[in-house]
Every structure is written in structure tokens, then in C-alpha cells.
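Letters A, B, C and D mark the chains in the order given here, with residues in each chain numbered from 1 onward.
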Amino acid sequence: MTALFADHTLRVVALGAGLLGAVSGALGSFAMLRRQSLLGDAISHAALPGIAVAFMLTRSKAPVVLMLGAALAGWLATLAVMTIVTRSRIKYDGALGIVLSVFFGLGLVLLTLLQKRPDASQAGLDRYLFGQAAALLVDDVRAMAIIGAGALAVLAVLWKEFKLISVDADFGAAIGLPVRLLDTALTSLLVIAIVIGLQTVGVVLMSAMVVAPAAAARQWTNRLGPMVALAAGFGVVAGVGGAVLSSIVARLPTGPTIVLALSGLVLVSLLIAPARGLAWRALRRGQHRRTVEADAVLLDLYALALQHEEDLEHGHDEAVLRAMRGGQINVRRSLEKLAQAGLARRTGHGRWALSAAGRARALEQIDHAGEHA
Amino acid sequence: MIFGAANLFSGPAGSAALRGWRAAVGVAVAVTVGCSGDEVGPTERLPAVATTTIVADLVREIGGPDVSVVSLMGPGIDPHLFKPSEGDIARMSRAAIVFYSGLHLEGKMTEVFERMRQLGRPTVPLAECVPVDKRLTAAGFSGVYDPHVWFDVGLWKHAASCVSEALSEHDPRHADAYRERGRRYLERLDALEAAVRRRIEQVPAQRRVLVTAHDAFAYFGRAYGIEVRGLLGVSTAAEAGAADVQELADFITERRIPAMFVESSVPERYVQALREAVESRGWQVSIGGTLFSDALGDPQTPAGSYIGTVRHNVETIVAALSEPSGAGHER
Amino acid sequence: MSRGLGDRARSWAIEVEDLTVAYTDKPVLWDVDVSIPRGTRMAIVGPNGAGKSTLVKSILGLIRPVAGTVRILSRPLDEMIGQVAYVPQRSQIDWDFPTSVLDMVVTGTYRRVGWLRRPGAREKEQASDALEKVGIAALGRRPIGQLSGGQQQRMLLARALVQQADIYLLDEPLQGVDAPTEHALIGVLGMLRDEGKTVVVVHHDLQTVEEYFDRVLLLNVRNIADGPVREVFHDENLRRTYGGRVGLVSRPQRRGSPGIDAVKG
Amino acid sequence: MSPQIEVQLIAVVVAVAAALPGTFLVLRRLALVSDAISHAILPGIVVAFFLVESLSSPVLLIAAAMTGLLTVVLIELLGQTRLLKEDASIALVFPALFSVGVLLISRYAGGVHLDVDAVLLGELAFAPFDRLVVAGHDLGAKALWSMTAILLLNVVLISVLYKELKLATLDREQAAVLGFAPATVHYLLMGCVSITAVGAFQAVGSILVVALMIAPPAAAYLLSDRLSVVLILGGVLGAASGVGGYWLARGIDGSIAGSMAVVAGLVFLGALLFAPQRGLAAQLHRRARQRWSFAERMLLVHLLHHERTPSAAEETAGHTVHRHLRWSERFTAEVIRRAEAGELLRREAGLLQLTERGRQIAQRALLELDERDGLGELGGRDRRRRAGRTIPGGAVEE
């Protein structure tokens, strides 16, 4: 492992992706909980006119200049979205859709105007939106570390306020918090994180980095603190893991590998996270179903016993029991379950009868049903 | 109804638009009346459209004063990322003949040109003038070819012949002139090719390696015996992996390659990342300069023409690679 | 400060004057005047869309009115923002948010804790006490998403309790809760009154108004009537609040303070 | 037909075709599904390319549309777990699918000019030159035909399923209870969205589709409460954005698709600012006006209440009335001045007297208070919920 990380490229890429994962995992948790999952997608489209204008004004393709342009446009887009949502009946998703497509359209128009200039230096301007994770530079990582640490520090300082406006904004306002200001601050942090990621690792990876770690982390815990920590952790794991994988296997692009690692984390979390996981849910449902089925067979057996004056020695054919349920349920499995619980017993080949405990249980159930009727 | 909508724009601010509108109607009439080049009057120049600056340059050279060439893509425009504007409709409508690169370089536009050809409008794909057996196929997909044929000057001669043939056919009145200019241009290309070979030979054989960000120089490499290594594929959607960067960095270090090159249409960061990786391996590689890959340079500069661009690229490459041991050296 | 003003400060918890709120051309609240004496339990009743929640939010300063003023403990609302304990409607909260019941209750102390500081052991203790008072002390560690409707409502009341305010505003706290919860909540409200707090509740169940409250505001965009329950909570006023068109009624509309009403009554 | 006119025709058809399903996307809070589809179709195109080894085969298009539908299905499946919010599902699905596409290209087809741009994204400026040719006859621009077909498909589907779509949009559970199979309706609608998106990508380019699907219907939604009106108005505004965008592009010689998106944005901005009821200007104006008109009406009602009552002299005296209304003297003077100017009241012996007009207005104001009519059709979800709790005509809720 240490040999692996001795390589400069892997070290830079893994460090950068890990940092980005940590920051966007933490900030993304808030975004996801506040239904802003698609903000990353929107900002990355909205950055295009910012990049075009920054280039028009400075005639420079320096990353800092373009990043500032992108950040400004992204921030304006976010404000536009917030304005539309608070001042009209258009919901968040609609506002995002409008703002992202209109900003991008504006960017397109600006690019066509730029294309007309007899100036070869504007080439590939829009490729700045598609940064590549494998081409991270030491300076990028340094910038990410500084800005990321700043963003996390703000998050830590305003933690309880951010938490309150996310779960119950009106109550926040009622106790006197400046909700709009806090809202803008939290969203701005996210914009910063997204824009850094944008030109280094690209649009799609950034969209995934914001949502996926949070979505995975949410399944494992019901507390905000652990969730944010876990999301940051997932972000790091996927970032570093994807980087390592893409440096072991040739022609495995780093960004998509990280996205797929994140998606895998989400999938696994959805399936097996304790309490919420789908696998557990299915297991519980199956258990419940088996219990209900066994109870039904138990009652059937009791009904048959009644026909024989509650003679518990008299065995009944499994086929009869199956016929009573019209093949709807697995009678054999239910009988075996009852036998295991000592409620029924096998009296002969394919014949079954209730035990004394089974009879008591059946009576109990009938009483219970009577109470509810 | 559409006309009604158009008239809405005839207010004070819309008068320019209205003028444009009238011009457009005029053009439309002209197009329906005189669609093919045969009907161009004796004193008029044949209106031609070219997609990339490279194609436009070739058509200008051979068409000379008899053809007016409009290039859809300006200097520096990566054909993969070209965005047409409204004026391109009129430019296309006006054209008696369209020259494009083809082999899917222009993406969806290629299909449009093919369909136009089926309807009898002359559209000429220059890269497809290169015989199939001389084309490079893309990574195992038969029938899908690398479109960047122009950096093999020998192959570009096929394109030049194609242009003079096509012009002669569609504008027979100037056929002699086109053939004559074509012949002379071919001579210039011959001279260019000889010069390129001479210059390349000055680079020590083991250093004849061209490292760039993307795979546009495969034909160039094959023609002049230069090994070409790129970080990205042709597709703008493709992405490099960390292993690709490491591999290329190892290669540069092992071969003691002194310089890498930046392309005008690809952000520099890819090459910079590579340089950092190489540096960490104890070798210093310089960035040898900017190469023009899919588009020519600024019109006023020497790199504004195809021949000038090839010279620029070759001089840049030779200068950087043959530097004794100044830029690239072990630390 | 004059003595008269001091008396007033002692007597009124909330004074709403000429409050008019409109989202569109139709007012939601129109010229509402109501004064709520300190230490009383007051119900706000009225049909749907009568502006009950809007009135509550206006008193909290969450909504900017077109006209009118609100005074809390005889001071302008602007100075008093955050000093009224608030139980919002349950639907306002994102119940899927990952946080525990105790943490949620602790948010009630945030104003006291202030900026830059974290709530500590003392705040947690206060929150636990509040949960005890509403009868769900055992649920402190449970995620809010796993609460039943009644438990959610108890938690929200507990959060208001830790605000340690003099005035409590509750928006439909008894809506859709089970009988034991209703009983527990009413018990807490009684306790608050015994402590001299003022409690204002948006209420929907007319059957229980007389049992639970000592004052009532009948609201339907306008203040139809307000005052002690036994004086204003009668069929005529209810008909005017809920029933068909009010039109021009023979009795002059009650204006001014409920104190005057009481004298008139 | 000149290509310029054809471009505008295509723009109009695309805009209307996009606005119809877009209306439901906006109302169902699925607006960004359209953007998600535009990214997520990449792997479909790549796999289809591997099968046919051609960049211009129609199989690629079909695969793109299928992948679009797959995207919707995956989003829906994730949503059904109820472990994630809808927007998170969208934001998880499309990067994953897109990454699969990029990975496949990078590993197996890096040398091929294979990406969404090159394979799928058409360009409006070239649409007139891409002709439909049958047996040597030029039948017009291909995009015009394909988008007209898609428009018809959308019109037919939406008119046949109008009732079901409306119900499923307003109240999905209710629709299920009434046996309207909201899931089927949802997938039919989403199939439409996917086909429209891919068809429009091919004709005009990607981001424009998102703009045309979302912005015009959203603008229409600000202007009307009726679903049918929103649908039609969305189409009209979309068409206007199309034509307007073309002329903007013409004026500045810029990207037509981009200009259309910009104009669609401006149209939305216009609606946001100037919608008669909900616009920001209307809101501001209303606040300013309400201040005076509410005050005026309040004064009139106050006077009405005290007409011919014993306390009239005290309550309606011009110089004391402000105390009863708890207004400042200056404010009261201004309200009285305005009411006098409007001939709503007059001064008689220092007392304020209602004119006949003033009395009518006061009476109407009182009546209006009782007619707080419900929310519009599209706010029906709330109204129904509330209606369930009110016993009509009774004084008791629940």
C-alpha cells in the first residue's frame, strides 16, 4: 500500500479526490436533506456564462480567473433559484431547471459570439467545465485543502443554526434567527465546493459527490452529526478508492470510477443498512408473512379438530389443509414452523394434529379476534 | 403567421432584423432558383462553404479569385465543440458547394452533408478522399476511421486533388484555372512534405516522440516516423485514468523525452499534470509549445494557413525535441 | 415610566391592533384587534382559512402584515422576536430529518445559547425535564421519524417549554392526536397557567373549548368576538363565525379590548 | 420555403411538443428529469454503437430513447424504497449511468469520436438542410417531420389521458383509489418525455429541450390556475420563445438554441415580474395599494357600524376617529383625504358621513369577507384536504 502511494500522480489524485469527497460529503448532507440534491447539476451548467464572461473581460484562460467567473455565475444562479422559489409558486426543481437551462443557453450564445472573433486563444473554453480527476495538480489540491477547510470551519461554527433552519425554518425564524441570511450562507458554501470540484474533476463527478455520500450515510444513522461525518467518510473512501482503482487498472477513467464507487456505496447502504435497509425490510416482511401463515394453518387445524369433537389425537391430512387454503400459502412450511414451536405434531404419514399448547394458542387467537370485532 | 411574427420586429429596434429578413428572403429565392454552381454567372465568384479553417484554407488556395469561401468555424474552434450560429443558415443557403472534413469529424453535421449530397447538392468530404487503405481505423472498429488526416501532408494531397476536381466539375468555366492552381498547390505540398521530412530527421531517432493531450497526431506520426502518445482519446467524453497518467509519465522518464506539447483547444492542465508526474520521477520535461491540431492559427499570423500551420507545428516539435539537453535533463 | 403603563405591562401579554394581512387581493386577516391578558389560556377558533395560523405567525413576526401592529408584553414586536414560545403545526417539520427527539427539543434553547456556542449538559437536562413534563421522557434518543402523531406533538410542546418564555403560542396542537396525548397536553397547559404563563392555542374542537380554556377568540378573517369563554362562546357568535353570511348584523361589531367587552357583558 | 422560415417552424413545433409533457413535469416536481435524461442516455448510445459499429445508425437513437425510459424507471424504483427523496434519486441515477457511458468509451472506444454531442445533438441551424427524401422527392426538413410526429403523439396521449393525468398529478393516491393506475399513467407520460427529449436533442440540441420543457410551462403556471390553460399557454409561450429566440439569434448572429433558451428565460422572468396576480410587480403594487385601500375600507366599515348609533358623535368625529382606529393622526388625515376625494364620505359638522357609494363599498367589504373563495384548480390538493374536515354549513369541524 505504501508503495502504491509512493507514486506522485496517485498521491495527488487520491488526496484531491479524498478532500473533495470529504468536503462535498459534509456539505452535500445538508443539500440532500434540504432537497437541494440537484443544485450541483444546476450550478455546473450555470457556470458556463460565468466562464465566458470572465474570459471576455480578461482574455485569460488562467484557472483562477475562470473559476471566479464560474463561482460568481453559480452563485447568481443559486440566488435566482432562491428568489423564484420564495417569490412564486414554482417549486425548487422547476426553478433549478429554468435557471440551469437559461444560464447554459446564455453561455452558449456567448460562446458563439466568442467564436466569431479572429482569435484562436478562446479554443476549448467550454472544456473547462469538464475537468478531469486524473489531471489534478498539486496547486489544485492545495486550493481544495484551504477552501475546503474554510468551508468546514464555517459549517462547524454555524452548525446548530444550519441544523435548525434545515429541519424547521419557521421555528428558527420564530426564535429570532436570520433565516434568509443563514440559508444564503449555507448554499454559498455548497456553491464554493461545487465550483472547486467543477474545473478539477468535472460536472458529473461533482453532481454525484454532493448527493451520493449523503444518500448512503443517511441510511446508516438517524443523527445529523454522525450522518455528516459518515458522508464525509464515504466521500473519502470512494474518492481514494476510485483513484487507487484507476491507477491499478489501465484505461479506467478516474472520475467515472469514483462515481461508480459512490453509486455502489449507495446501493449497498440501501440494501443492508440496519433498520432501514431493503434486505432487512424484506426479511422482516417474510418473517411476518410466515407467522401469519402459520397462524392461519393453526386455526385450520383447530377447525378440523372441532369437527372431531376437539379430538387432538386425530390426525388430519396435509392435503386437506392445503385445500382449505386453496394453495395460497405454503402449508408444509407453516406446519413445520408450528411443529418447531411445539404447537402441532405429525401423527403419521402426511397427517398432522394440534398439540395441547396449539389448542390453547388457537383459542387465544380466536378470543383476540373477538375482542377486535 | 410566421410572417406576421416577423413583422412584429419591424419596429425601430427591429429594422436591422427586418433588413436581415429581406436579405434572407432574397437568398431563399436565389437558392431555389440557382441551387447548383452551373448557373453562376461568368463574372461571379462561386460561393463555397467550408467547415473547418483547414478545409477553408485548402479551398481558398485552389479556388483562388474564382471562389468565395466562407468558413463556418473560426480560428481555434475545435470541430468537436463547434456551435453554429444563426448566420450559418444563410451561409449554408448561399453555398453552391460545401467542403467539409468528414469521417465524422463534424459530428452530426456530417450526416446532414451526406443527406444534402443525396439530394443533389454538392458536398465534398475531404478526409474521405483519402483511399480507405491509407486511413487509420479507430481502436478495432472497422468502418470507423480517425478523421485527422491532414497532418500527413501526403494524404492531404488527396484532399487537394479532390477539391480541384470538385470545383472543376461544378464550375466548368474555371475548370482550367482550378486544375492549374491544384497542380501548383500539389507542388507546394510536395515541397512542404520534403521539408518536413528533412526537419524531422534532424531530431535524434530515439527522441522522435510526440506527447500531447489528445490523439490528433496519429497520421502525422505514421507519416514521419514519430511515435505519438496522447493522454485522451478522440472523444471529448473520454476520460483518462490515473494509470494512464502514470504510464505515460513512466514512458517519458524512461525514454528521456525532453518536451511535451500543448494543443490550442485542450486545457493545459492535462499536460501540466503529466509534467508534475514526470518531475516526481526525477526527470524534467519542458512544455515545448503549442501545436495546432484541429484548427489553424490566427489569420494574420504565419500559422493562419495550412502550410504555415504545418511548418509551425514541425518547427515547434523539432526545436523542442532536438534541444541538446537544456530543457530536459536529469536532476 | 408612568404608573398606568406599568399596569398595562402587567395586564397584557399580547396586543394586536388593526392587523391586516393579505397574500392576494383578498385579506386573510382584516382589521383584527385583540388583546390577550397575561396568565390566561385562550383558544383561537374559526373555520378553515379563517386566518388562525396567520394570526399566530403574525404575532411571532414570521409574516409581515399590510397594516397593524403587534405588541408583546407592551413592547414592540421587533424587540421581542424570539421571546414567545412556539409550537408549529406538525406538517411544517421535515420528519425524515436525521435527528433525535432530545436534540430537537434542545433547539428550543438555541436563543439562550446564542451564536458560536454549543448547547451543553445544562440544556440537555432542561430538554429532558421538558420531555418528562410531556410524558415522553423515555423517547429522548429516538429519531424523530419514528414518533407517532401524538408523540410528535408532545415533542414540539416540550421544545416550546424549554424556550422558557412567558407566552406560548400553539398552532393546532390537538389536531389528530390520541386521547392520552390530548390529556397530557392539556395537563401541561394547566401547569403553565398555574405558573402565570399566557397560553394561546389554535383549536379546532368546539366541544372542548369551555373545558380547556378561559378565554376564546372567534376568528373569521375579522375578530368576530373575543373574551371570557362563558360570555362570548355562544351560538349567536358561533353562527357568525362559522355560519352563512354575516352581512350587516344588528349588534355593532365589538371593537377594542376584551376588558371593555367584559364590562359591557 | 426559405430555411429561415423552416427553422422557425421547427422551433415552434419543438417548443409546443416540449411544453406539453413539460407542464406535467413542472406540476409533478420532476422538472429535472429532463436534464437527467440528457446525461443518462450516453451508455445506451455507447452500447448501441458497439452493436452496430456505426455512428449514424438510427439504432443509436432508439437506444437513447430506451435508456431515457430506463433512467425514469430507475429513478422511480429508488423513489419507491422511500429511503430517498425524489430529487436525490434523480441526482443519483444520472451520474451513475453517465459514468458507465464514459467508462465504456474510455476503455473500449477512446479513439472513436463517440459522445452525446457528436452522435445525438443536432443543431437547429442545420435542421433545414437535413431533408427527408422519399423516392427522390424532397419532402421538407426531417426535423420538422419527426418533431411534428412527436407533437402529435404528445397531443393524442395528453388528450386521451387528460383526466387521468390531471388526477394523477393533483393527487396520486386518490387516482389509485379511483382505479386510474397512476403508475401506468406516469410511465406513459415519462415515455413521452423521453421520446420528446431524444427527438428534440436530435433536432435542436440538448439544453434547449430542458429550457423549453420547463420555462414556458412554469411561466404559464404563474399566469393561470387552470390545467388546460396552463397546457395551452405553455405551448404558446414556448412557441413565442422559439420565434423570439430565432430573431435574437439573428440580431446578434449567435446560437439559435442558446438564444431560444435565453428568450424562454426572459419570458419566464416577464411572468415572474409582471403576472397580473402573482407577479412581483403585482405583489409590490398590491402591498402599496392595500395599505391605503384596506385602511379606507376599514374607515368606511367603522363609520357604517356607528351610523345612527348613540356613540356616533364620538366615534365618527373627524378629529377623534384616529383614536378609535388606533391610527396616527397623519395617517388618518391622509385616509380621510383619499376617501373624500373618492367621494366615499363627506364631512358634516365635524362628523364623517358615508356617501351612498361609501356605504355600498363598506357593505360589500363586509360581504366579501365571507366569500373567501377557495384556491384555484391547481391548488386543489389543499382545498380537498381542507374540505374533508369541514362539515358544510355546520359550526363544527370534524
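Simple rule for what comes next: a contact is a pair of C-beta atoms (placed from the backbone, for glycine too) under 8 Å apart; a residue touches a chain by one contact, two chains touch by 3 or more.
Fair warning: this is a prediction, and the values are worked out from it, not measured in the lab.
By count of C-beta pairs in contact, A-D exceeds the other of the chain pairs A-C and A-D. Subunit B and subunit C have Cα centroids lying 74 Å from one another. Put simply, the C-alpha centre of subunit A and that of subunit C have 38 angstrom between them.
Centroid to centroid, with C-alpha atoms defining each point, subunit A and subunit D lie 28 Å apart. Work out the mean CA point of subunit A and of subunit B, and you get 45 Å between them. The set of subunit B residues touching two or more other chains comprises 81, 83-85, 236, 238-241.
Subunit A has residues 108, 111-112, 116, 218, 251-253, 255-257 in contact with two or more other chains. Shared interface positions of subunit C, defined as residues touching 2 or more other chains, are absent. Those chain pairs judged to touch are A-B, A-C, A-D, B-D, C-D.
Per the touch definition, subunit A reaches subunit C in the complex via residues 33, 157, 159-161, 163-164, 166-168, 170-171, 173-177, 218, 221-224, 227. Those residues of subunit A that touch subunit D in the shared complex are 32, 35-38, 40-42, 45, 84, 87-94, 96-98, 100-102, 104-109, 111-113, 116, 204-205, 207-208, 210-212, 214-215, 218-219, 251-253, 255-257, 259-260, 263, 266, 270, 276, 278. Within the complex, the subunit D residues that touch subunit C are 85, 277, 286-287, 290-291, 294-295, 298, 301, 304-306, 309, 324-327, 363, 366-370, 372, 374, 386, 389-390, 393-398. Those residues of subunit B that touch subunit D in the shared complex are 2, 5-6, 9, 14, 16-17, 20-21, 24-25, 27-28, 31, 80-81, 83-90, 92-93, 104-105, 107-112, 114-116, 118-119, 138-139, 141-144, 146-147, 215, 232-241. Listed in rising order, the residues of subunit D touching subunit B in the complex are 1-5, 7-9, 42, 53-56, 101-102, 105-106, 108-123, 125-126, 128-131, 133, 138, 142, 202, 243, 246-247, 249-251, 253-256, 258-259.
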